[in-house]
Amino acid sequence: MEPLFATRQTEALVPRIREFVLNELVPLETTDYLTGNFSTVARVLDQKRELVRKAGLWGLQHSIDEGGLGLSLCEFGQVSEVLAWSPFGHYTFNCQAPDIGNMELMHRHAPDVLRNQYLEPLKEGQIRSCFSMTEPEFAGSNPTRLGTVAERDGDDWVINGHKWFTSSADGSAFAIVMAVTSPDDAPHRRASMILVPTDTPGFERVRNISIMGEPSDHWGSHAEVRYTNVRVPVGNLIGAEGMGFALAQERLGPGRIHHCMRWIGISERCLDLMCRRAATREMEDGVMLGEKQFVQGWIAESRARIDAARLMVLRTAHNIDQQGAAAVRDQISEIKFFVADVMLTVIDRAIQTYGAMGITDDIVLPWYYRHERGARIYDGADEVHKTALARSILKGYGLDTRKPKPATTRSDA
Amino acid sequence: MEPLFATRQTEALVPRIREFVLNELVPLETTDYLTGNFSTVARVLDQKRELVRKAGLWGLQHSIDEGGLGLSLCEFGQVSEVLAWSPFGHYTFNCQAPDIGNMELMHRHAPDVLRNQYLEPLKEGQIRSCFSMTEPEFAGSNPTRLGTVAERDGDDWVINGHKWFTSSADGSAFAIVMAVTSPDDAPHRRASMILVPTDTPGFERVRNISIMGEPSDHWGSHAEVRYTNVRVPVGNLIGAEGMGFALAQERLGPGRIHHCMRWIGISERCLDLMCRRAATREMEDGVMLGEKQFVQGWIAESRARIDAARLMVLRTAHNIDQQGAAAVRDQISEIKFFVADVMLTVIDRAIQTYGAMGITDDIVLPWYYRHERGARIYDGADEVHKTALARSILKGYGLDTRKPKPATTRSDA
Amino acid sequence: MEPLFATRQTEALVPRIREFVLNELVPLETTDYLTGNFSTVARVLDQKRELVRKAGLWGLQHSIDEGGLGLSLCEFGQVSEVLAWSPFGHYTFNCQAPDIGNMELMHRHAPDVLRNQYLEPLKEGQIRSCFSMTEPEFAGSNPTRLGTVAERDGDDWVINGHKWFTSSADGSAFAIVMAVTSPDDAPHRRASMILVPTDTPGFERVRNISIMGEPSDHWGSHAEVRYTNVRVPVGNLIGAEGMGFALAQERLGPGRIHHCMRWIGISERCLDLMCRRAATREMEDGVMLGEKQFVQGWIAESRARIDAARLMVLRTAHNIDQQGAAAVRDQISEIKFFVADVMLTVIDRAIQTYGAMGITDDIVLPWYYRHERGARIYDGADEVHKTALARSILKGYGLDTRKPKPATTRSDA
Amino acid sequence: MEPLFATRQTEALVPRIREFVLNELVPLETTDYLTGNFSTVARVLDQKRELVRKAGLWGLQHSIDEGGLGLSLCEFGQVSEVLAWSPFGHYTFNCQAPDIGNMELMHRHAPDVLRNQYLEPLKEGQIRSCFSMTEPEFAGSNPTRLGTVAERDGDDWVINGHKWFTSSADGSAFAIVMAVTSPDDAPHRRASMILVPTDTPGFERVRNISIMGEPSDHWGSHAEVRYTNVRVPVGNLIGAEGMGFALAQERLGPGRIHHCMRWIGISERCLDLMCRRAATREMEDGVMLGEKQFVQGWIAESRARIDAARLMVLRTAHNIDQQGAAAVRDQISEIKFFVADVMLTVIDRAIQTYGAMGITDDIVLPWYYRHERGARIYDGADEVHKTALARSILKGYGLDTRKPKPATTRSDA
């Protein structure tokens, strides 16, 4: 915990949750659970969810009017960090992506009927949901390029399209799908978000995409989905027509904080594992691994960089709380690539510290190594955020990198 | 191919083998084969082995007196590179580790009876073998610390010990095990290599260790093995008693070349994939990924570093051919950490170039990402080779870093 | 400015000082002043010091009882950052090292007579001082190894020794010298600090050591000094006998904050220069340097890392203010190597952004490049702080890396 | 020396030259010579040049018909490496840039009259010369953008323009200037090279640009030059009209080899210094700096990377010798950024190894640190070569990054 951002709430909550994670979830890091499909471990986690409820910790991310604790983003970030000490933390507390994002979105923008039918059971953990945006045919770095279309037909939307990385689709009750509804509007006004129950005819989960050697299933799945003449009522619109990108944008700020604090929790966990190994592994008679300067360097650099990362993310969360996400868009870009880099470096060095054991599933490290490589890619590749940040800075120096260009006889990008 | 090291043999062989790999093996990179246990793909590869035989390419690594082509290490290295364009190349040509190392070892040091019984079918691909050296209780970076013991009892060795990372043990006909036979000799003279048929009572393959999410099996396995009063004839000794480390050392030079050239082949493959993506992925209207400087930087740096790596490895191979491994021990350390770093960086950048697709098993990249992380660890962690190289260099400046130290009141390593 | 740490004082002061630095000091960055000895520019800076007095900004680092503003360390750090936008900022405001450290030290620990005679004119900028600790014969990373000795002879100390990097000695009125006074005590209790007027017989400034091509003089000097039977009254002791290291340690916390915030100011200045160039340098018709991704990457990464660095340093300053330096010793180590690395990377990239112009003294960048390379070395090399931090962390895991070691037959550090 | 590229000539020459450099030039690395203007040391070097002549080593870079040794580029590269063990090596042997490049150019392309009048005394070391290409107003990365113009007026060229980084202009007898002679031709056919005696009216050396704190003079100068109605005979043309870029290009291949081998020599020298320090500097009682893993890591990585760099450069030189520079243009780009990076990293680590002493002019390291930072910039910034290499590679994949673009409404480079 960083005392600068500690509040009465975090001081009360964080140690309790840390305790829960260490006692109830970390012991689940067996080879079977770490390498099996998610449905295997989900059965146990459902029991753990009961313990969460009993401990009065269920739904802690919700606002007070929703029956939650009304944590600020900066407070929840600190909770998210300790949840991340286990790969199963967020799921057990029902604040896993993409459900947490869908809950926030629906709480703000879904009509009552959808909220009653879908949001309530989602909050109770009775159903799961997915978010269907990325398309294989278009670069994710440019979200206004979208092939999926929803056309108005009477009181229905008729949706056709092809998505992938619709995460957690397997077993979800519904998807929120991003589709072009106003193709002739300005690029950022073309799309809308529509709720599609996954049992609607024409919704086809083609496959769970195998990622890093593991197709997985259940919440752990990343699905390819085809929408073929999928018909849902017009009332399934989330927010207003053409607001798809605005809502996606709104989702991004808090979502970035969630992810980044999760990455910091992972980094801390891996540093902790690194130190345990360094303190106990004998290399020669009486000489421990932690006495080697190479390992000392990894530990010191990891410590410094994780501290830096946490301060940056909590500062950003604090600023979103105070001023809204729009005011600190640059900071939101900044933490994306900064924290992903810290995490992936720390994971890698933890593996190296463990030697041969570090690549075995006897330990959680390979799980992180495989599952978190995507951090540099999803939510906009690091490179996209770097250029966005630089452009925003350079605008302050009078350079508009997006000004129209004349035709050229050659390009020298 | 690097023309500097091209010979009549490589000029004839390499293009044929490249052709074979591209036509017969690269098409096997389906999600099923890339994520399944090795036995799944082994069935297909056995058919491909027939094609290798028909093409007259079987056994190309053997010396002329063994019916091979008598390639020099430097020549075989260049073959090894093109084999590595597929994860299945070396296996298909029956020059996969650890069998290739065992064949070399037995060819030189096994008594005739063992050669007839085990080496011949190994060379024919009728059986497989494993090498049993690493122990979980001792740091692999110091190979003289060994817990496995072979005691002489009449005409038998009686072996007791605990090993892991006995790679490919699952399905192997025999293991070559490293065990202490002369515990009172100098550390480097204590151990011997003994051939143990895996059906010997007391040889227990405890499990295939799950690595990076995948237990695998068959040639793809990495086994934990227990030896409990395993009894084999004294004639099963490979080389002389107490020569275990000397033989392991002898094995290292060529083994390092094999590995490093394989890593370079993998790097080339990944750079090729990176360029294919860069040249064909549209980011905006008419602007291809390859026009972005970030990607151009990755391509250029990868190209330069791979070229550097190849020159270093082939130079080292050439020198081993000319002067023997002992004369260029520093170069053999050098290529270990240099090439592993190049490969892992190129793999990582190739993944980044593919975006979301880069972490899916629709492409071979995650296979390399998972299976090759160990390159920084096995055969001595990079750090071990760096310190070994530095110490050897500093010896030339009069500093003996291994000289005895007086007792200290504190240590500041 | 980082709003998290803004106070009424910093909000009032920082913009005024920034204005002063930009208007009065940045224009002094001419080739002559950037490449000449310091005495050349000192003449102009003395005039600027008058402006500082007139503006009521003189002595802002002092406590209220000393007639200063009573800024906390965290507040002064923010001032220090903006002063660092010019190489001449700290000197002009009379809060340059080593004088600022000597002032703090004497304010707390010097007897009244020394304070009246030396501290007061020092605070007024009428004299300058130096700090004489580092010795060429001993590694600075282990400050308890010290060859300079002060022996008691009647009412005098008689000092003999050899120092270098006695910064600013040229023209200083006095030195505070670290000398062994109790050679038989525990290593950390052996030395004392003694004030030596530089006109004392036996104090010999051997030379101004040429650093990075520039011997300089005046405040810009780094002197080699010999002490030969230098005799000063016993009353010239600063603090108690044997307290030399404790005082040096005490000096370190605030000193580290001063340095690190100065480094952050330098980083900001260089990033600003980088952006100015990127926004205005045309590479081809209508294509500006800032449209190139390489440059965008440097800008974005620099922005993120500087933000991280500032948060870390101000957090540490805040904690020193609240809890004292001893409580956050790890953080004080952490910022040393983290911030030095950020600064040197940003300087280097700024140079690259300017192309050929970046290595000319037409611009301030080479000044920073030459003068700040030492940041990785002085106050303990980065490596020393990394190992110190790692050891402290590992102590929490039960590993005491300083425990006595038995004699060994070889060492494998 | 790399045995792969050793020849009878290099085996005879290299040890003799190494001996000369170590005995005659390395002792000149005093603070005075390292920090003074070049004219100070030039007086001594002129005496050393006499020793070179006496030793029969003068003019070794020339072809046999010019009275030289007829070394191949690959052979001369190996000589260049050992010359670089001293900052004064190349000058002493009269094969310093830009004179060596001007000699090659004039030997091939200058009319007899110019060769007699200028080339002969240049080869004898009686005069010096400079090369006047870079202009402050245009990015050096795009050499076809040029403001200097030479207009034909009767039998004269009348030259007007503004140059900088006309290296060694101070004291030179003549400049070879690049000027636009055919403004309406295709960009690569617009310019020509013209020889201008520096005493021609209108040739004004505005100043020696101060670089990294040092204006220097003589051969060490980097001048800003104005050409105002400079009138020279039409016969002063080097090569044909409009061939300026072709000749500059021709100059580049061998010039790159010269530079890169010089950088490798510098790297070797710094690694040697690093090892000397590591082997002799005591950190604690009986523990030498070289026993620390951090330092071991720097030594090992430096060793590996320098070896890699040398292999790459000599391979490229060998290929230029065999096939001409045009055939291996990619390799010529590759070595530029690869070797510059190696050198600058090794210099930096050598400084760090020396601690405080590493930034003093008591040792040669700061000289390299200051003078060689430009390596990432001159002859095309590293970034330019990376993009050039990547584009060339991607062309092989069907992507033409220079194809004409339609007008866009925004740019996303």
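By written order: A, B, C and D. Residues from 1 in each chain.
We adopt the following convention: a residue touches a chain if its C-beta (ideal position, glycine included) is under 8 Å from a C-beta of that chain, and two chains touch if they have at least 3 such contacts.
Since the model is a prediction, treat every value here as computed from it, not as a measurement.
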Shared chain contacts [chain A and chain D, defined touch]: B, C
Centroid-based (C-alpha) most distant chain relative to chain A: D
Chain centre separation (chain C, chain D; CA means) in Å: 37
Chain B and chain C: spacing of chain centres that average the CA atoms, whole Å: 51
Cα-centroid distance, chain A relative to chain C, in whole angstrom: 42
Two or more partner chains touched - positions in chain A: 283-284, 287, 291-294, 297, 383, 387, 401, 405-406, 408, 411-413
In the complex with chain B, residue positions of chain C that touch it: 142, 292-294, 297, 387, 401-413
For the chain A and chain C complex, residues of the former touching the latter: 2, 4, 275-276, 278-280, 283-288, 290-293, 295-297, 299-301, 303-305, 307-309, 311-312, 315, 318, 330-331, 333-335, 337-338, 383, 385-387, 389-391, 393-394, 396-399, 401, 405-406, 408, 412-413
Partner chain C, residues of chain D touching it in the complex: 31, 34-35, 134, 136, 139-142, 145, 164-165, 209-215, 281-284, 287, 289, 291-294, 351-352, 355-362, 366-367, 369-370, 373-374, 376-378, 381-383, 411, 413
